[in-house]
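First comes the structure, then the notes that go with it.
As written, the chains take the letters A, B, C, D, E and F, and residue 1 is the first residue of each chain.
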């Protein structure tokens, strides 16, 4: 993927708002093996998809947390987006209740694992 | 599952708010083979889980639509909850954008199938 | 896959017991495009895996029905194995209750779809 | 979810039979962040769903182990229910064979991971 | 997503090579409800991801067919990419064997459903 | 499963080519609890499915890596088959690009986890 400077700068701003990170931090966390993935995250996800104002950031994070907890195979990304949800105004109590709302549709194990992810993120936040 | 009249009446009210249905319609739609499932839906899902005010109904429906579209194996339930989301104040444009938000996390096929489900529900609503 | 006549004859007998079919029917139902899949079903699944007496056929069918209903992506195979479960002594009421048991672990949509599959198989049996 | 004392006491008894635990142990293991999940487990799963006598406990545990091993995203819950299966009369050999039965329908990785879960539970039991 | 004319023209060329379609056909097939999805498909998937020469088109289609058949929830997209694989030099026999290779890792139902998708695409091709 | 010496010897040779292992190593890695699984891996997967020359080993490994990365629940097996892919001529750059190709169909988390698996295998290879 060719990097595009205007998408990158728009994405950079949105990553700051949602994750409280810089694009350089995203690039470091994804490692040097697959720079295409960092470009995708910064420019396509945050530089394009998150740019539409049809959904506010709070709702986008609710969708993302629900989707990642449903998948059950994306533990690090779930924790990242729980942190993003807190930053976009979703409260701790709401995050727990999102996991409870998943119980009847995705099952109790997904909800328990989602609550465990919340607890880890909350504890890390409390230590700062 | 033993039916419990106070949970049932609380559930009945919530089913009306979310789905615009009566418990009897839920029972009929689930058929007569598994009355336990109708009891679970009416009393546990709507009579208990949906009773907590920690999440407003709009957010619950966003979570449910995101989860069902992520699963990809629950087409009839996804359509039901897209209808419920509209009834709880999620707009058509927001529902489409929820599917777009799923693209990077769940894949473009889930989003396309989710948009197709939206389109069916919107068309059925327009015919009424 | 090379066909092996002794595995095939053992598999043929077991397919008769579990599905009430002949190997030729299995071959026809899988079509002529992928004879390897028919060989796998007849010789590996029924000629080897089902041969072990550690699990009785009833329990094997309970496992298979639970697994296929959990996957949610194998509707024709789920119906086939619901039929196999009935043939191996699982009752209709037990099959419905297996779907109910999946509710808390896999979600209510999987259970509803599983009950719908049961209902189709029961209705087809009643017509014979 | 409002707690209901008669469902709780019925659930408590069933949790003892299946898991050899008290409701308080379940509550502690699920942590203090989401008491609703503990209520769901104790009162809905064990106090309602497990109460029906249509399936014996042995069969319920076979279903649950098959479903959790199929999901592949619920490792702690799979270990818990392998332990429950042993307690309800499923033998070690049968549990291993359940995983083998999953091979053709869910794939060999799910079976290998399921066997690894069995081995952990068996080893922990042997240490007691 | 803002459309970008140079990505669009690169994507258009690649869609022609892989799917034998024009961007306008992609847009029509995705309907008018979610133009963002068409932009994503044309500009991000074909205009960026498919542009890298690290993988030849044949291998990309093998990856895509294997992934979609594994998901099991993307039947229309699987058929589209089976067609794309044929166009990129994967033979019919190879496509069937790809499904057979999935048997031990994803299960026989996914393989059977994948073979059925192949058969539909082959039959439609034969009719032209 | 009854072991069959000719399938075993054919499987042994293929395991050497693909994984660089002996059947005894496979048996040890799968442990002594479930010898049936080792027999399945050696005789059915490598002794039968891998024997067909319709797909070359390189393509088989591309399929297997794509499938396991899509599942997201088979981390040890994914690493094993990334190693097998390298041995069958897939380059490191191609393996990373396979994960990038999964982004639009399976989601960015699967791709990131797949790249992480690649990085572990590459690092272990570099240490030898």
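FYI, a contact is a pair of C-beta atoms (placed from the backbone, for glycine too) under 8 Å apart; a residue touches a chain by one contact, two chains touch by 3 or more.
Since the model is a prediction, treat every value here as computed from it, not as a measurement.
Chemist: Could you name all chains that are in contact with chain B and with chain D at the same time?
Modeler: Common neighbours, chain B/chain D: A, C, E, F.
Chemist: Match interface C-E to one of B-D, C-D or B-E, accepting only the pair for which over half of the contact pairs are the same residue numbers.
Modeler: B-E
Chemist: Tell me whether chain A and chain E, two copies of the same sequence, contact each other through the same residue numbers or different ones, using over half shared as the line for same.
Modeler: The interface is built from the same residue numbers on each side, given that over half of them are used by both copies.
Chemist: So what's the Cα centroid distance for chain D and chain E, whole Å?
Modeler: 40
Chemist: How many angstrom lie between the centres of chain C and chain F, each centre taken as the mean Cα position?
Modeler: Centres of chain C and chain F (C-alpha means) sit 28 Å apart.
Chemist: Where the centres are mean C-alpha positions, what is the separation of chain A from chain F, in Å?
Modeler: 31
Chemist: Among the residues of chain D, which ones contact at least 2 other chains?
Modeler: Only 36, 40-41, 44-45, 49, 52, 68, 71, 73-74, 77, 96-97, 100, 103-109 qualify.
Chemist: In graph terms, with chains as vertices and touches as edges, which category applies: line, ring, star, complete, or other?
Modeler: Drawn as a graph, the chains make a fully connected set, so complete.
Chemist: Can you list the chain D residues touching chain E in their complex?
Modeler: 103-109
Chemist: Under the definition above, what is the set of chain F residues touching chain C in their complex?
Modeler: 1-2, 4, 36, 44, 48-49, 51-52
Chemist: Given the complex with chain E, which residues does chain B contribute to the contact?
Modeler: 71-73, 96-97, 99-100, 103, 107-113, 115-116, 118-119, 122
Chemist: Where on chain E is chain F touching in the complex?
Modeler: 40-41, 44-45, 49, 52, 54-55, 59-60, 62-64, 66-71, 74, 77, 93-94, 96-98, 100-106
Chemist: In the complex formed with chain C, which residues of chain B make contact?
Modeler: Those residues of chain B that touch chain C are 30-31, 33-34, 36-37, 40-41, 45, 68, 71, 73-74, 76-77.
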